[in-house]
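Labels run A, B, C, D and E following the written order; every chain starts at residue 1.
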Amino acid sequence: MDMYDAPHTERDVEQKEVKISARGVQVYYGETHAIKDVDVDIEDNTVTAFIGPSGCGKSTFLRCLNRMNDTIDIARIEGEILIDGENIYDKRVDPVQLRAKVGMVFQKANPFPKSIYDNVAYGPKIHGMAKNKAELDEIVEKALRRGALWDEVKDRLDASGTGLSGGQQQRLCIARAVATEPEVLLMDEPCSALDPIATAQVEELIDELKANYSVVIVTHSMQQAARVSQKTAFFHLGNLVEFDETGTIFTNPRDKRTESYITGRIG
Amino acid sequence: MSPFWILIVIGVVAVLGYVGARRRAMSSASGNIRNLHSLPNFYGMNALLAGLVPALLLLAVWSAVQPIVIKQSVQSIILDANPDFGSGQLSLVMTQVQRLAEGLSNAIGAGDLTREQVFDMRADLTDVRGRLADLGVALSGDVTQTELQAAQRYMGISAWGDTLRAFAVIAASLLGTAIAFVKTDKDYRARNAVEFMTRMMLLTAACIAILTTVGIVLSLVFNTVEFLRLYPAWDFFFGTRWNGTSQLGLLPLLWGTLYISIIALIVAVPIGLFAAIYLSEYASKPVRAFAKPALEVLAGIPTIVYGLFALLTVGPFLLDVFGDGGALGVDWMSGATAVMTAGLVMGIMLVPFVSSLSDDIINAVPQAMRDGSYGLGATQSETIRQVILPAALPGIVGAILLAASRAIGETMIVVLGAGAAARLSMNPFEAMTTVTTRIVSQLTGDADFTSPEALVAFALGMTLFVITLGLNVFALYIVRKYREQYE
Amino acid sequence: QDRDNVQIAGSSTVLPYASIVAELFGENTDFPTPVVESGGSSTGLARFCEGVGEGTIDIANASRPIRDSEVETCANNGVDEIIEVRIGYDGIVFASQIDGPEFTAFEPSDWFQAIAAELPVDGEIVENPNTTWADVNGDLPDAEILTFIPGTRHGTREVFEENVLLQGCEDSGAMEAFVESGMDEDAAEEACMTVRTDGVSVDIDGDYTETLARIQSNPNGVGVFGLAFYENNTDSLKVATMGGVAPSTETIASGEYPVSRPLFFYIKKAHIGVIPGVKEYAQFFMADEIAGPGGPLANYGLVPDPELADTQSLIENETTMSEM
Amino acid sequence: MTDATNNPGASGPTARKHTSLLTIDVNTRKRNRAEARFRSYGIAAIAIGLSFLVMLVWSILSSGLPAFTRTVVEIELTVTQEEYAAAEDQLFKTRAYQDLLVGSLAAELGEDVDPESVERIIGSPGAMLRNYYTANEDQLGEAVTFKLPTSSRTDGYFKGRITREGQERSTFLTPEDLDLADEMKENGIITSEFNWQFLTGTEASDDNPVAAGIGASVVGSFYMMAVVLILSLPIGVAASIYLEEFAPKNRFTDIIEVNISNLAAVPSIVFGILGLAFFIQFAGLPRSAPLVGGLVLTLMTLPTIIISTRAALRAVPPSIRAAALGVGASKMQSVFHHVLPLAMPGILTGTIIGLAQALGETAPLLLIGMVGFVALKYPDGVAEGLLDSNSAMPAQIYTWASRADQIFYEKAWGGIIVLLVFLLTMNIVAIVLRRRFERRW
Amino acid sequence: MDMYDAPHTERDVEQKEVKISARGVQVYYGETHAIKDVDVDIEDNTVTAFIGPSGCGKSTFLRCLNRMNDTIDIARIEGEILIDGENIYDKRVDPVQLRAKVGMVFQKANPFPKSIYDNVAYGPKIHGMAKNKAELDEIVEKALRRGALWDEVKDRLDASGTGLSGGQQQRLCIARAVATEPEVLLMDEPCSALDPIATAQVEELIDELKANYSVVIVTHSMQQAARVSQKTAFFHLGNLVEFDETGTIFTNPRDKRTESYITGRIG
C-alpha cells in the first residue's frame, strides 16, 4: 500500500473546528429508505471523502448538505444537519443563502445552455461579486484556470457550454462552482470523466481550497480518496459504516464491510 | 359494389396479407425471429399497406373521376336533343336526370321494379313521375323522354362503372398484397419499406399545411390583382383614409391592427408568461391541475362574449376612469369603444395561448438545469429568468406568435370593443379598426363582387398575409439567434 | 347527392320573415324546411346571380329592389328568368336609450345637418361643424351627436340615405347651396348622402342587436332600427317621430311615415320544377293567412302589402320580371 | 454573503467571517424580495386570469341561466275527428290547431276573456299540437292535458326580462293581457319548469321563439368537431413530426416553418373563403354541411396544433433520441416510442386550445352557409349528420344574438353555457391525459 | 510498472481479422476540426482502448463508428470507415442496421424516462429478440446481470430508470446496450461512475464479450486500459498519435506525446 504513504505525512491530527454536523439523518425516496440514521461531523479546512459502492447513498447524503434534495418531490429528510452550529433544515434558513455558502458539483455534468463565459459568470453575477465587467472577466478566468479548463477554452468563451466534450463539461461545472467561492464545496465525483492530468489539476485545486474551505468529495477511486482527503466516510446500503481519518480507514478499518470494500478494490 | 363493400373487401385482403406475410417471413427465417431483417410485424404491415394504400388511392381517384365521365357521356344525349342549352340549364336538367336515375335504382333495389322494366320504360307511355311518387320518390317535374333516356344511360354506365371500379380496386389491392407477399423474405427490408411509407404519409401531412397556404394565396391573389387594376395601388398602400367605399387607404387599418394587437400582447404576454412560470415552477400539483385547464377555458369562450364584455363592461369602466369627468380627471376618452377596450379584452382572451403552451415548454426543461442553478445559490426566480426561460425560448416565442396571430385575426372583439372608425391616431382611447374586421365586413358586404369595395377585402387579406409573413421571418431569425439547446 | 330543400339567402332584414315562413312551411307541408342564410341583400343577390343549378341558391331575399346591374350579371350567368315578389313593407325608426336625452322628434333635415360630411355655411361649403344636436336644432336636447347607422353593406343604408339624408338635404336648402357652389346635380346628391367620418356617426356592419348594444353603452347614442326590432325592444328603446309622424304599422301602410321601404324576394324560375318546393314555398309565403293582415308576418312587424292578390297570381303564373 | 465571497482575493481563515444562516444577510434579503416579487407576479397573473374567468362565467351564467327554465301553461284540450279533418284541410294547419287551443282556453277562463288576449299570452304552439295529433290519431276525441310554453313575452314578463311599462309601448302585450297572465299564474294555469326543450330542441323562427333549442346545433357541432379531431390531430402531429424530426434543415423547410406560423395569423374568414372555393365550389360538397365546416375548421386548427406540437418535440432533450438510436432503433421508432410520449403534454395543449378555438368559431361558417336559419331535424345517421344541412353552436348563438326578440338574448347566453359545457366535456380526456403524461426528466 | 505484467501474459500476438477500418477520417464541428485524418484498424474479438486527454476527440471518433454523429447538425465527417469491409457512410447503408450491429454506451448516462425493465427490454423488443414475455424477461435479467445491476434493482424493475443513482444509471445503460447483443460494442467511459467492484464486474463483462465481439472502450484510467484492452489508441488534439498493442503503448511508446501522457499519469 505504498501509495498511501505520501499523503499520510501531510495529514495533521489536531482537531479542527466542526463545520457540518449531521445527526440522525434519514432520507426516504417515497418508500425507499436511502439514508439510514447517519451521524457525521465534517470539519472545516478539511477534505472529507465519501466512498462506498454505487447506489449506497453518497450522492443522496451529499445533496442533503445543501438541501438540494428539496427539489426532488418524493424525497423526505429527517434528522438534523448543522452548519456552523445552525440547523439548515430550520424554518428560518433560506436555502438560497445556504447554497451560496455550500456549493455543489453534480455527478452528471450539467452546464447551462449558455456560453462558457456565461456559465461561469452566472454565479458571481447573481451574488453581485463583481463590480464591473473587468472584475467579472477576472473572476471567470480565475475560475476556469482553477477548473483546469482555461487553456482549452480561452479562445472560445462564447461557444456554448453544451458543445464541450464530457470531461470539459465536468471541468466547466467545477469552475462554475468555485467561481462563487462557497465556504463548503460538495463535489460529487468531480473527476469521473477526467484524464489523469486534469484529475491531478483538480486535486491540486481541492488541496488549495482546503486552506480556506471545507470540501466534501464523493469518489470511487480509493487512490483519489487517499490522495486528497483527510477524513473518509464509508457508506454501505444507506448506512454510514465507518468515518475516520483517511489513513485509518485505508490501513486499519474497523468494520468488516469497510475492509472488504477496500480490499476488494482493484485499481 | 358500393364503396362500403369495396372497403370491406380490401380491408380483408389487407389483413390476410398481413397475416400471410408475417407467416411467410417467419417461415423464411425458419421460425427464428433473429434471422429476420425486421420484426415480423413490419412484414405484415408492409403487406397491409401495400394492399391498402394503392387500392384506396385508386378508389378515391376513380370515385372522383367516374361521375365526371358519366356526366360527359349523359350530357351528350341531352345536348343532342337540345343543342341550344346553356350550361345552367344543362346542369339543372342533369340534376333532374340524376334524381330520376336514383329514384329508379331505389325502386329496383326495393323490388318495386325490375331492371328490364326500367330500361324498357318510355316517358310517353308511362307516367314516370306518378309511378315514382307512388314508390315514395319525389320528382319535381314531369319527365321527358330525353331525360328518361339520359337517366337510363346514366344508370347503365354507372352500374357498369361501379362494377369495373370494384374489380379494379380489388385487383389493385390483391396485386399490392401479392407483390408484398412475394417480396417477403428474411432479408427483405420490411421495416425500411414500412418506414418509407410512413414517412411519405408524414410528408403528405406536412404538405397539407403547404397546400392550405397555396390555396389561400390562390383564393386571394386573383382578386387582389383585379382590385389593384381597379384601384390605384399607391392610394391603397399609402392612403391614410378609409371609408369602406371610395377611400380605401390601408394605413389606418394597418395602424389599428398593430395598435390593438400590441396592446393585446402587452396584456397577454406578461400575464400568460407569469402564469406559465407560476404554474410550472411554483404551483402545487392541485393548483396546477385546476388553474391550467381553467385558464384554457378563456380560449374557449366565444369571442362574441368577449365583444359584449368589452362593449358593456370594460368600455364604460375605462370611460369612467379616463373619460371626461372620470376618476383621473383626464379627458382622453370620449366613447366606450376604443383601442384600449378591445386590446385589454383581447389580451385576456389570449392569456391561455401564452400560458398553457409556455407552461408545457418550461416544464420540459430538464431538472438538471434547475439543479445546476440552485446549486450555485440562485433563487428560483433567478433560475427561471436566466436559465429556464432562455432554454425554453423557442417554444415561448412560438406561443407568443400564436397569440399575436390570433390577435391579428380576431374580429368580434374589435367590432364591438374598438368601434369601426378607421383612424390614424396615437391615442389608445380612441376608436379604431383593424384589417381583419374590414375584410369581414367588406366581404359580407352589400357591394357586388366586381367592385373595388368588395375586392379590397382580398387585397387586405393578401397584404396582411405578406406582412405577417415578414413578421414570422423576423421571429424565426430571432429564435435562431437566441436559441439555446440544452445538452 | 341531390338537394331536396329550398335554399335561400340574402337580406338580414327579411331573414326573420323568411325564417318564420320557412318554419311554418316545414310544419305545414311535407317539404323539408328551407335553409335561410342572411348576410345582406347584395350578397344574397350576388349569390343568386352566380348561375342556375343545384349548387346555387333558389331564392334571394332583398330589402331593396334588384339593381339593373345585378339583373345584367344574372343574365350573363344564365339566370335570365327571375320572378320578383314583393312581400310587404318595413319601417325604419330612430330610437335612443330609454333613459337617455329626450330624443323624441326628428326631422330629416336634423339628421342631414348632424351627420353630413360637409355643410353649406354662409354660402361656403365647410366640414360639418356641428357637435351637439342643439347646434342643429334648438328644440333638440343639448347632447353630443352620436349616431349608429347601418353600414354600407346593408340595404337599409340606401333607404336611409335617400329618404332621410337626401330629403333632409333638400329640406334644409343645402341641396341648392351645393348646386350653387358649382356642383352638378349628381355631385350634389352625392354630397348630400356622404356621411362624416370623424367618429360622430358610426357605421354598424352587424345587426340591429349591435346597434342596440352600442346604444346601451352610450346614453347619447341614437340608432337606426327596423320597426319590428324596435317593437321587440320597447323596454330599452324609445322611438322618435320623423317629420312629426310616429312609426307604426298603420302610418307606414298609409304612407304617412316617410321612412319605409318595400321588401322583396326573387325566385329563380329555372329552379321551379327541379328543386322540390320552390314554388310551393313562394305560394305559401304570400298566402293571405301568412302574409296578409293578422298573419304571423304582420304580427311580427311586417306591414302587409295591400296588393297581395296581384303578387299571388304573379307567382301562380310564374311571371318573370321581363314579362311584366 | 461572506466577505470572502465579496472579495475574491481575500484569503486565510481569519479573513473569513462566518455569517449565520439563521439571519438572512442584506444581499440575500434583497434577492428574496425580488424572488417574492417575482412569485407574486405569477400569483397575480393567475389571479387576474382567473378573476376575468370568474367575471365572464358569472355574466354568462347570470344572462344564460334563465334559458334553462320556461313558463308553461297547462291546458286540457279535446280535439274531435271533425276538427282534426278540418284543420288538416287548410293551408295554415298549425294555425287551426292554435285557434282550437285558444278557443278552449278562453272558454275555460271565463266569458269576458278576449281570445286574442289569450292568443297573445300563449303564443304559437300550433305545431306542437299538430305533431301530437298526427302521431297519436287515437287520442282524437279524448281529453288530453298539454303543458305548452307561453309566448316569449309572457315568459319574459314572469322572468323579469321585460317590464309592464315597456310592453305598454309595444303591440305585443297590453296591460290587460298582463293582468290576465297574472291571474292565470295565481290560478296555477301558468307555471314554470325546467326547459328541456332548450337542450333538445331545434332552431325556431321569431314566430315561436320559445321553442328554439340548441339541440340540433349541438349535434352539428359534434359532427364538426369529430371531423376536426379526427383530421387535425393526426395530420397536425404527423406534419410536426415530419418537419421537426425528418425534414432536412434547409431553406425549403424554413419556408415551410414560416408558412405554418403564418397560417396561424390568417384571419379565420379567409379559411371560409378557401373552404367555399375549394370544398363547395370545386369539390362539390353540399353547403351548410357539418363535414365542410369540419374540414374548414381543420385547416384553421392545424397551425395551432402544429406550432404547439413542434415546440413540444423540440423541448425533448436530444439525449433521449441518442439513447434510442444507440440501441439500434430507427429514427421513426425513436420518435414514436420515446419522443412523442414525452411531447404529449404540449400536443394535448395544442389540441385543447385548437379545438376550443374551432368550437367557438363563427366567421368561416358564415361563408359556407351554416349561419342563418338552418336545420330543423336531427340527422338519422352518421352520413346524414355529416352531409345534411345543419348549424353549429357558435353559429346558432351568433344568429340568436342578432335576433330582435329579447328571449333570444337569453337563449344565446344559455347556448354559450351549453357550448362551454361541451368544450369542457370534449377536453376533459385531453386534460386528464395531459396530466398523466407530464413528467420531468 | 508491475501492474502491467499480468495482462501482458494473456495478450496473444496473432493477427486477428480486422472488424473496423477507418481511413482518413476527419470530423468538423462547424469550424472546429475535431478529428484530424485518423486511420485505424480495429480487430475482431479484441478490446481496443481509446485514451487521451479530455477533449482530444475520443468520443467524437467513437460516435463516428456507428454514425451517431449524424444526429449532430453541425458535425461533418470525411474519410471512410469500413466495417467488415463495407463503408458505413455508403448511401446504401442503413444507419439503423448499423447501430443495431454497433452498440453504444454513451459517456453521459441517458436512461429513458421509463421503467428499468422497459429500458433494457426496449432494444430486444424492437429487434425481435424475444418470442414471448418469458424470453424477454430472461433477456432483461441476463443483461442486468451482465451490467452488474440485477441484484440492486431486481425488486424494483418497474421503478423509473431516471430515479437511479449515477452509477446505477450508467450500469443500466451498459445493460441496455448489451441486451441487443451487438457485434461491436462502443463504450464511452463505461466505468466512470462505478465503484471498484462494479468496475471489475464490467471489466469482466468486457472480457467475456471479447470472445464473440469486438469492443471499443474509451477510458481515462490507464490501469483499466491496461487491464482490459489488447490494443490501445492514443489521441491527442484530434490526432491519432499512436495505435498499437496495449503493452507496447504502455511500456514502450514510440511517440513523445504518448510517453508524456502515460508517465504524467498519477493513479
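Everything that follows uses one rule, which is that a residue touches a chain if its C-beta (ideal position, glycine included) is under 8 Å from a C-beta of that chain, and two chains touch if they have at least 3 such contacts.
If you want to know which protein each chain is, UniProt gives these names: A, E = Phosphate ABC transporter ATP-binding protein (PhoT family); B = Phosphate transport system permease protein; D = Phosphate transport system permease protein PstA.
Computed from a predicted structure; not experimentally measured.
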Chains in simultaneous contact with chain A and chain D: B, E
Chain whose averaged C-alpha position falls nearest the assembly-wide average: B
Chain pair that, of all pairs, has the most C-beta pairs in contact: B-D
Whole-Å separation of chain centres (CA-atom averages), chain B against chain D: 19
Mean-CA-position distance for chain E and chain B (Å): 49
Approximate Å spacing (C-alpha centroids) for the pair chain A, chain B: 56
Sequence positions of chain D contacting 2 or more other chains: 31-32, 35, 318-319, 330-331, 342, 366, 401, 441
Chain C: positions in contact with at least two other chains: 3, 39, 55, 206, 210
Residues within chain B bordering two or more other chains: 191, 367, 379, 382, 440, 444, 485-487
Interchain contacts (touch definition) - all pairs: A-B, A-D, A-E, B-C, B-D, B-E, C-D, D-E
Residue ranges of chain B in contact with chain E within the complex: 33-34, 36-40, 189, 191-192
Complex interface listing, chain D residues touching chain B: 31-32, 34-35, 37-39, 41-46, 48-50, 52-53, 55-57, 59-60, 234-236, 238-239, 241-243, 246-247, 254, 256-271, 273-274, 277-278, 299, 302-304, 306-308, 310-312, 314-319, 330-332, 342-343, 345-346, 349-350, 352-353, 356-357, 359-360, 362-363, 366-367, 394, 397-398, 401, 416, 419-420, 423-424, 427, 431, 435, 438, 440-441
Touch list for chain C against partner chain B, complex: 2-4, 39-43, 45-46, 51-55, 69-70, 73, 77-79, 146, 151-155, 157, 197, 199, 202-206, 210, 213-214, 216-218, 270-271, 273-278
Contact footprint of chain A on chain B as seen in their complex: 367-379, 382, 386-387, 390-391, 484-487
Residues of chain E defined as touching chain D within the complex: 66, 68, 71, 73, 95-97, 99-101, 103-106, 108, 110-113, 122-123, 126-127, 162, 173, 176-177, 179-180, 182
